[in-house]
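Chains here go by letter, A, B, C, D, E and F, matching the order in which they are written, and residues are numbered from 1 within each.
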Amino acid sequence: MEMGKTRVLAAASYEPRVPRFLHGTGKGWVSAEYSMLPRATEVRTPREVQQGRPSGRTQEIQRLIGRSLRAVTALDKLGEVTIWVDCDVLQADGGTRTASITAGYIALALAVRKLRERELLLDDPLVDHVAAVSAGLVDGEALLDLCYEEDARAEVDFNVVMTGSGTLVEIQGTAEGQPFSRVQLDQMVDLAEKGIGELVEIQRRALA
Amino acid sequence: MEMGKTRVLAAASYEPRVPRFLHGTGKGWVSAEYSMLPRATEVRTPREVQQGRPSGRTQEIQRLIGRSLRAVTALDKLGEVTIWVDCDVLQADGGTRTASITAGYIALALAVRKLRERELLLDDPLVDHVAAVSAGLVDGEALLDLCYEEDARAEVDFNVVMTGSGTLVEIQGTAEGQPFSRVQLDQMVDLAEKGIGELVEIQRRALA
Amino acid sequence: MEMGKTRVLAAASYEPRVPRFLHGTGKGWVSAEYSMLPRATEVRTPREVQQGRPSGRTQEIQRLIGRSLRAVTALDKLGEVTIWVDCDVLQADGGTRTASITAGYIALALAVRKLRERELLLDDPLVDHVAAVSAGLVDGEALLDLCYEEDARAEVDFNVVMTGSGTLVEIQGTAEGQPFSRVQLDQMVDLAEKGIGELVEIQRRALA
Amino acid sequence: MEMGKTRVLAAASYEPRVPRFLHGTGKGWVSAEYSMLPRATEVRTPREVQQGRPSGRTQEIQRLIGRSLRAVTALDKLGEVTIWVDCDVLQADGGTRTASITAGYIALALAVRKLRERELLLDDPLVDHVAAVSAGLVDGEALLDLCYEEDARAEVDFNVVMTGSGTLVEIQGTAEGQPFSRVQLDQMVDLAEKGIGELVEIQRRALA
Amino acid sequence: MEMGKTRVLAAASYEPRVPRFLHGTGKGWVSAEYSMLPRATEVRTPREVQQGRPSGRTQEIQRLIGRSLRAVTALDKLGEVTIWVDCDVLQADGGTRTASITAGYIALALAVRKLRERELLLDDPLVDHVAAVSAGLVDGEALLDLCYEEDARAEVDFNVVMTGSGTLVEIQGTAEGQPFSRVQLDQMVDLAEKGIGELVEIQRRALA
Amino acid sequence: MEMGKTRVLAAASYEPRVPRFLHGTGKGWVSAEYSMLPRATEVRTPREVQQGRPSGRTQEIQRLIGRSLRAVTALDKLGEVTIWVDCDVLQADGGTRTASITAGYIALALAVRKLRERELLLDDPLVDHVAAVSAGLVDGEALLDLCYEEDARAEVDFNVVMTGSGTLVEIQGTAEGQPFSRVQLDQMVDLAEKGIGELVEIQRRALA
């Protein structure tokens, strides 16, 4: 998936096992992993495997992607299987976590389709679409889908995850410099809502 | 600090050095660390040192506390020093991350006062209060400051960080089960605003 | 438990499993963990989780606490369960390892009492009290229960663990500077014996 | 670069520093890193960052790629700079290490060209081309550039690295099942020589 | 085993288990580990346990020793047992990996003999001898079994592993400086073949 | 050094640097490391490098050896250099930590002699001999220098470190089963004193 100059490669994999806390519950799991190639960024970023562990930022993003995808999946319809969604950023220009959610959903939906064709899955566990977008206040102006250069200048940084039917799954807003008002909160959610609507439309076309 | 049955011990420490990316900038840093004692929880939680690294959850919380405290600190007035804020949870009954922010601010303010008395700091770097509260939708009802048992049942989980003057520093809302509407988002922020106002009052009295 | 300015929070937890080497033996285990909050010390000590593992000092102390508590526990009367004793130092002013043993015994005894009330344990596995004290030679003089400032100046450093009936469980004596004579060894053990007698009395009152 | 179904993304990055053992020598360094995306393989491979370190296989390959590229680089003409060559396998169907060398050379040559254009490099440090190919004995027959299915069946597995002028940089031959004779060694090197000649031709066209 | 000033202590151990991928196959495994004492080298080398993991070089050598020993072992005659071969270098003066293979074979053969005496093994799983030698081009001249000082000056570095019947198990040739020609490749293999013949003779006498 | 069937290889190495806490003090340091080869024991023990860190037991032993050697070294006469003493156990049959101290002293004394010959050291920093011995109560009887089989049966386990002039450097006594009396403590120290006297005699002859 490409959004601006950001390119994410998403892939879903099937594993006939669940994490320990789900043993014997009949429920499945959707787990996400996220990584950036070292030269996805303009200046090379050292690989996290060299530090011996995923960074705090990577773990935070992985948990966000996983939560978002599980929010539209009926885990009890999966049975005791795990679907892994890998989001690897080949090129990064802002919004890699939100692009990963939007792309991850498509990979998940294609995997579900394949599993149903092979009759490894009887019911469709996906109850809705899910997509995400970043927004921010730059020089007092609300902007959607910030590129790296805008993101670095943003006073407030928003990530919004919504379903295809327009309900909220996750909202994260952080003041990098100046705190923000409730009016600005509303502007940003308005903007995000519009952007996500368009992304869900793109997902629908991609899956058709 | 005690909030309900949750007890957090916050301590601020002074170190006359800054992280590498601030060398030579004249700016200081506020860094937070968070941990729970193994028996803070009803059932013993293994220590993270045994796994060899802070969990993703711990890192996410540490980053949140640090960001929140920096949002009300004029880093250029600190000079090239770091203030470490340690938040150790002695007893946990929900809302440990928000209690850590509220208690961490008091520790930070007391440390600033002491540093000014010793003339290690000339100007007051604190530009405002900061406090935080958790909120959630439980059985469709918006509740403030959830205890563990309510938190486990909540459909939507909110953490809101605000300044003493009522602007937003951070907002995080996550649908654990059902996605939520914009009306519910507004209800939750209303509730949080009210709660944070009271906490800032408590901070004022504690610092007086 | 407070000894001078040293404050240790001890907690015992029950786990219905034993380490692998005890599977099928019918015996239980008592395991101890020890940690200091970063600001237990006058100058902040970095958390060990940041280094990725307990330090050599921490591991040595944990092993000592565990051995001492097991010395007064009939493991075959526990059945195949583990009792975890967590000793967390909130404030450190010398003698944290010996205070942890003395406090850990109280936590263990209270846990045993509760397990017997709940009929999870039929017989009392505790065969005696156990308590510990530090001693040292400072400027040629034998002192009991050294505070941090004395400990730093001590030529010889002793930790003695004894039962309620006055037999020795563990004795560790280390010459930090000058080696010591057998006469001095005897003086130090005399002193420790007296101190431990008083601590056992305190334990009895706390458990009454 | 694509070779059969194997796809490798190679990127070269410039860093104005050298490893410690080269400080003050006036020489530069070429360092390579190698990784596979988890779904590069037919069945998902867990990320090495989850195990906390690069596997033995990954380290072996990284060292091979680095050595091969340095064999055609006059390090004293680089000055004290490091060129990082990252080889990330997007899709794996055999021969990923040899494809990484061949692709890595192109990335290195393009980087050198760019650095010379920007006058960060005065002389051309590249003294020759370098490329690599895998070969193997499958059912007694010598084959070039084995795909995964052939590789799994191969009795003998060869990797040969040669320069554009036909001299050998590295030869690695491993009997997976049956040991091999010197006649078979000769056949395999003949075959590799021919294949590498073609790859160097492809490199020339790509760089033209 | 001593080769020149290089001294390797090899020991084989029996474990009645196999790695997971062999469960239920009826086949056994031969696994090798390699390590150098810190003062095996003229200048002390820090222990790898301090870095938290075997270095890339150590892992590469361990894999090579294991592969070489398995090449002459009929794994299906072992049954589901693992034989561990530990090669510890007490003194290092070049050729430690090849000396480890040659010594490791003797340890393996002695272990097999003992297991057959104790009737833990019915058939002899060893189908041939295996031994290894290093060779190199130093100042244009082909040399066998390089000592450390020669090795450091070598333009090309070869490790050859052959069976008692003269077939090749592994060949690794690396140009450290100047690439090498096929004529030089042939010279080096000739030399290695002769050296390995003598080593196999020494193994026969040691085992007689 | 061989004591019974226990064999320890001790080596001392010189490094012209000190740990950070000694920078600028003019004092040196003596640091010890300890390891067992995997087959030093009757049943193979996995290497600690595979677990990623030295075990608690290894760290405890390393600290003991280092402390014991420093107790007879005038660190201010060393200058800012470190002497590393490596104790590697080739064969283990009880008492490996005490044998390491006794052997480590010889290695340290030989290193000091060599450094003085090379005029890297002006004064002799060694103020006395140091040696160590294990003792224990087995079936109620006090025994010296326990072998593995006795050690496993011992009720009380003692390690005593003394100087050549008969003063105590370290005493560690642990009740593995039954606690012990002060009479038994005296018996054990008597026994150790006698044994250490003989070991110091052996050291004198070895260094003559």
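Methods note: contacts are C-beta pairs under 8 Å (C-beta built on N, C-alpha and C of every residue); 3 or more make two chains touch, one makes a residue touch a chain.
None of these values were measured; they are calculated from a predicted model.
Counted as hops between touching chains, the shortest connection from subunit C to subunit D is 3.
Least step count on the touch graph, subunit D to subunit F: 2.
Comparing the centres of all chains, each the average of its CA atoms, the largest separation from subunit C belongs to D.
For subunit F, the chain with the farthest CA centroid is A.
The contact pattern of A-D recurs in E-F, the pair among E-F, C-F or A-B where over half of the contact pairs coincide by residue number. Counting every residue number used by either copy at the subunit C-subunit F contact, over half are found in both chains. Between subunit C and subunit E, the centres computed from C-alpha atoms are 49 Å apart.
Across the assembly, subunit B contributes 52-54 as residues in contact with two or more other chains. Taken chain by chain, the contacts form a single closed ring in which each chain touches exactly two others.
Order of chains round the ring, from subunit C towards subunit F, by the touch criterion defined above: C, F, E, D, A, B. Those residues of subunit E that touch subunit F in the complex are listed here as 9, 11, 13, 15, 33, 35, 37-39, 43-44, 47-50, 52-54, 84, 86, 88, 90. Residues of subunit D that touch subunit E in their complex: 53-54, 56, 59-60, 62-63, 67, 71, 162-163, 167-175, 179-182, 185, 189.
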